Amino acid sequence: MSASFTLAEIAERCGAELQGDGSRRISGVETLDHAGADQISFFNHARYRKSLRETRAAAVILRPSDAADCPSNMLLTDNPYLVWARVTNCFAPLQVQEAGIHATASVDPNARIDAGAVVAAGVVIGAGAVIEANAYVGPNCVIGREVVLGQGSRLLASVVLMDRVRLGKNCLIHPGAVIGSDGFGLANDQGRWEKVAQLGSVVLGDNVEVGANTTIDRGAVRDTRIHDGVKLDNQIQVAHNVEIGENTAIAACTGISGSTRIGSGCTLAGGVGVVGHIELADGVHVSGASVVSRSLREPGVYTGGVLAMPHKVWQKNIARIKQLDSMARRLRALEKALAQSQDEQDSIKE
Amino acid sequence: MSASFTLAEIAERCGAELQGDGSRRISGVETLDHAGADQISFFNHARYRKSLRETRAAAVILRPSDAADCPSNMLLTDNPYLVWARVTNCFAPLQVQEAGIHATASVDPNARIDAGAVVAAGVVIGAGAVIEANAYVGPNCVIGREVVLGQGSRLLASVVLMDRVRLGKNCLIHPGAVIGSDGFGLANDQGRWEKVAQLGSVVLGDNVEVGANTTIDRGAVRDTRIHDGVKLDNQIQVAHNVEIGENTAIAACTGISGSTRIGSGCTLAGGVGVVGHIELADGVHVSGASVVSRSLREPGVYTGGVLAMPHKVWQKNIARIKQLDSMARRLRALEKALAQSQDEQDSIKE
Amino acid sequence: MSASFTLAEIAERCGAELQGDGSRRISGVETLDHAGADQISFFNHARYRKSLRETRAAAVILRPSDAADCPSNMLLTDNPYLVWARVTNCFAPLQVQEAGIHATASVDPNARIDAGAVVAAGVVIGAGAVIEANAYVGPNCVIGREVVLGQGSRLLASVVLMDRVRLGKNCLIHPGAVIGSDGFGLANDQGRWEKVAQLGSVVLGDNVEVGANTTIDRGAVRDTRIHDGVKLDNQIQVAHNVEIGENTAIAACTGISGSTRIGSGCTLAGGVGVVGHIELADGVHVSGASVVSRSLREPGVYTGGVLAMPHKVWQKNIARIKQLDSMARRLRALEKALAQSQDEQDSIKE
């Protein structure tokens, strides 16, 4: 983090309106509470207003409507978190790696590695693979046959791309991710399972991010498809034949079962489960740890589950779940009986 | 997928009854909707009947009872998915690897590698390991000491088998799987945790499949045991001392806690959790995302959880969960009160 | 497991009171049911009392109050499982690895490797990394730039530590774990996601254990912090900025969302989900598969979820969940109506 910019440079570069001393030197980012005289911070949520008022940051990114509470220089914007994203990237450590193939990498002679690509130590690349310009293949990654790694895409470390997987441009794949493993296709033969060969592949569009230890299975016949701009967090499981629409973001530990189609612009929070062979419309948002068991054809927020509570409260109440149907029936019976009793009472009164 | 067969050859090889032109040349598989004049498809579910009627496939695998809807050549069978499984394997890309040890592999001099085995680039194999005939150890796998990898078993890439793990014949282990990691055994000493050494190992039978990034812990004292024909999908966690019976299939993201025994012929759908120290009988089927908290001694289907619904519906109703016990008691009280009121009313009428 | 000790030596070493023949030779550990004449076992739970009475173990670790049921030599203690933990470590296979850097490892010339450290085959270590005395870097691990691996810490195999991650002393990291991957930070720009650079790192204290394929993300600005003595099982996801207090133990498949703080001495069972930006007090215990959606400020046990039951029972009852609010309202209405009816009846009787 040795980069340093003037505040005016940052405002210009990140698309915010400068208010204050543009010559102020900024050498890093910090939270409001910890920022010092050469650091920039951001304010995005009312609960941190006290921190804003007391910050010693050199500058703060915030909305014009919050400007009155800021004791410092400001970068004004309607989308502080977006400007913050851009500012953080100004200070991200430079990842300069010399282009070329490390001596310990094992590259098949029939693979085609662009001269501007980096192939790090311990990498293994199969026949027919194509590594495009400015692509980065980090230490100990394994790339199968006929894989295509698009321009500027990066596999950080120990990533496995199985045969024929294709990534677009500027994808970012975190360590331990496996793309193109076999889908879970099994036919039952009198109790024994026989494997269905998984003949499709996986295709990722451009600007896709895949988290650490996430797995994406290859399609059974056709390809599993992850469209442009999709962001997958860590430890997500994407089963065979799944399709995920553009700019959908999925948080960690979510599992998507086979042949399900998820629309574009969706968000799935952490730990979600989605059953197979269903469709989620564009703009569907699923709350954390919810299980989606049927197609959701309308955009909106969907939630399931019973959240944690003190154990004794849970124990006492959850035992009644198995009586719910009986309770509903008895409630209905009571309503009828009471109505009838009322009628009788009325007739007595008459 | 450059293989090609006559339809008669496929019928013969895959155990189906040919109806139509046996000389038809088949060069691949496809879905009903996309299959062309040299491709074979299959029909297994009523919802695709329209696709069946309109398919341009060279041939379709289906039940005799569906034959009337098929405009094409047919492979008739009572188990279309099983025949399909066999057909897909006819067209699976050949994985010819030259036997021998890659120059970049690090093999302990006291390991025994069969001359017909393949040890790929970047592999590390410890002392006393035995790699049997036709076994395949893919790129960057790590094999500990005294591991046994049975005949024809395949570790696809970046698989880790820790010391003394033993695999039977024809197992298939997908990338990133870890077998033989320590079980989570901890003794509490006045707030601090002391590790219980995990002295057992993991034993896999024959024809076991283990998915990408799945983990199977070694036993504490005795071995964790995965029996013949078990199929494990991706990102499954199998804790120490677990035993899984023959031909049980478990879908992705399922976790099985320590010392639990799962019978044979079971299926656990995705995202299931099973607590420790319990037993599931043969033929138990657990629905997706269900949590099994006690032994299931009868075969059958078991389900739990509250599925996702529109957030507002969930919010309004789930808040009542904590009132369930109170509601049940009040319902009972109402029933009593109404019965009493009825008695009184009856006595008034008399 | 070729080590062997007298029972007196074990009693001395593991802090238990010997009762019986101290010269008895012990060469291994076993369960009560399987232990033979040179093996030691332990008794910790009433349900194994029959096994205790019938054991052929050379000796049993148990509480003085259970001594009457033991037919064998005894190691008496108030904490049998703790003594057991120590005994198992007496018999753990020695992991003697010769210090030094394997010929196939790729170590940056600007990394500093202590002469007493082990760097195994296929390891890649970046510039500025520091590997302290007696540290062990197992096969195919990847260590980024400026990582610190403290004295005696062990990375077993295929572990990835990203740039600037710091581990204390005597940590144990199981295969496939990824520490320091990017947090899931995304700003939305009119539907498209822009990455927030993750500029913090991950700091682990001393004696931390991290399970196989577990992932711990680096902080966005400041560091993700895992304090001394924390034990993490397999396939856990720890998001950016999380802090986990001393001696907290977390079982497999649990996910902790960003910026959440978990106290010390907590236990989270398997498959738990914890939302972001909340706090769990010291001494909080969360039951398996529970979802924690708000701060838990009091120690105690917390539980959520609806456990698996026979499918038909579930189906019949769970359908009523969406009627819960209506049921609660109707119940209240009935209570009122009945009270009123009672009043009327009383007035009739008067």
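Chains here go by letter, A, B and C, matching the order in which they are written, and residues are numbered from 1 within each.
Methods note: a contact is a pair of C-beta atoms (placed from the backbone, for glycine too) under 8 Å apart; a residue touches a chain by one contact, two chains touch by 3 or more.
Everything numeric in this text was worked out from a predicted model, so none of it was measured.
Enquirer: So subunit B and subunit C are the same sequence; what rotation in degrees superposes their CA atoms, nearest 5?
Expert: Superposing subunit B on subunit C takes a rotation of 120 degrees, nearest 5.
Enquirer: Since subunit A and subunit B are copies that touch, is their contact same (over half of the numbers shared) or different (under half)?
Expert: different
Enquirer: Can you give the whole-Å distance between the Cα centres of subunit A and subunit B?
Expert: The computed centroid separation for subunit A versus subunit B comes out at 25 Å.
Enquirer: Hey, what residues on subunit A touch two or more of the other chains?
Expert: 104, 122, 140, 158, 176, 213, 235, 253, 305-307, 309, 318, 321, 323-324, 327, 331, 334, 338, 341, 345, 348
Enquirer: Over in the complex, which subunit B residues touch subunit C? Could you list them?
Expert: 104, 106, 122, 124, 140, 142, 144, 158, 160, 162-163, 176, 178, 181-182, 184-189, 191-199, 213, 215, 217, 220-222, 235, 237, 239, 253, 255, 257, 273, 275, 286-287, 290-294, 296, 300-307, 309, 313, 316-321, 323-324, 327, 330-331, 334, 337-338, 341, 344-345, 348
Enquirer: Please name which positions on subunit C make contact with subunit B in the complex.
Expert: 1, 28-31, 34, 79, 81-82, 84-86, 88-89, 91-93, 102, 104, 120-122, 138-140, 156-158, 172, 174-176, 209, 211-213, 229, 231, 233-235, 247, 249, 251-253, 265, 270-271, 288-289, 305-311, 314-315, 318, 321-325, 327-328, 331, 334-335, 338, 341-342, 345, 348-349
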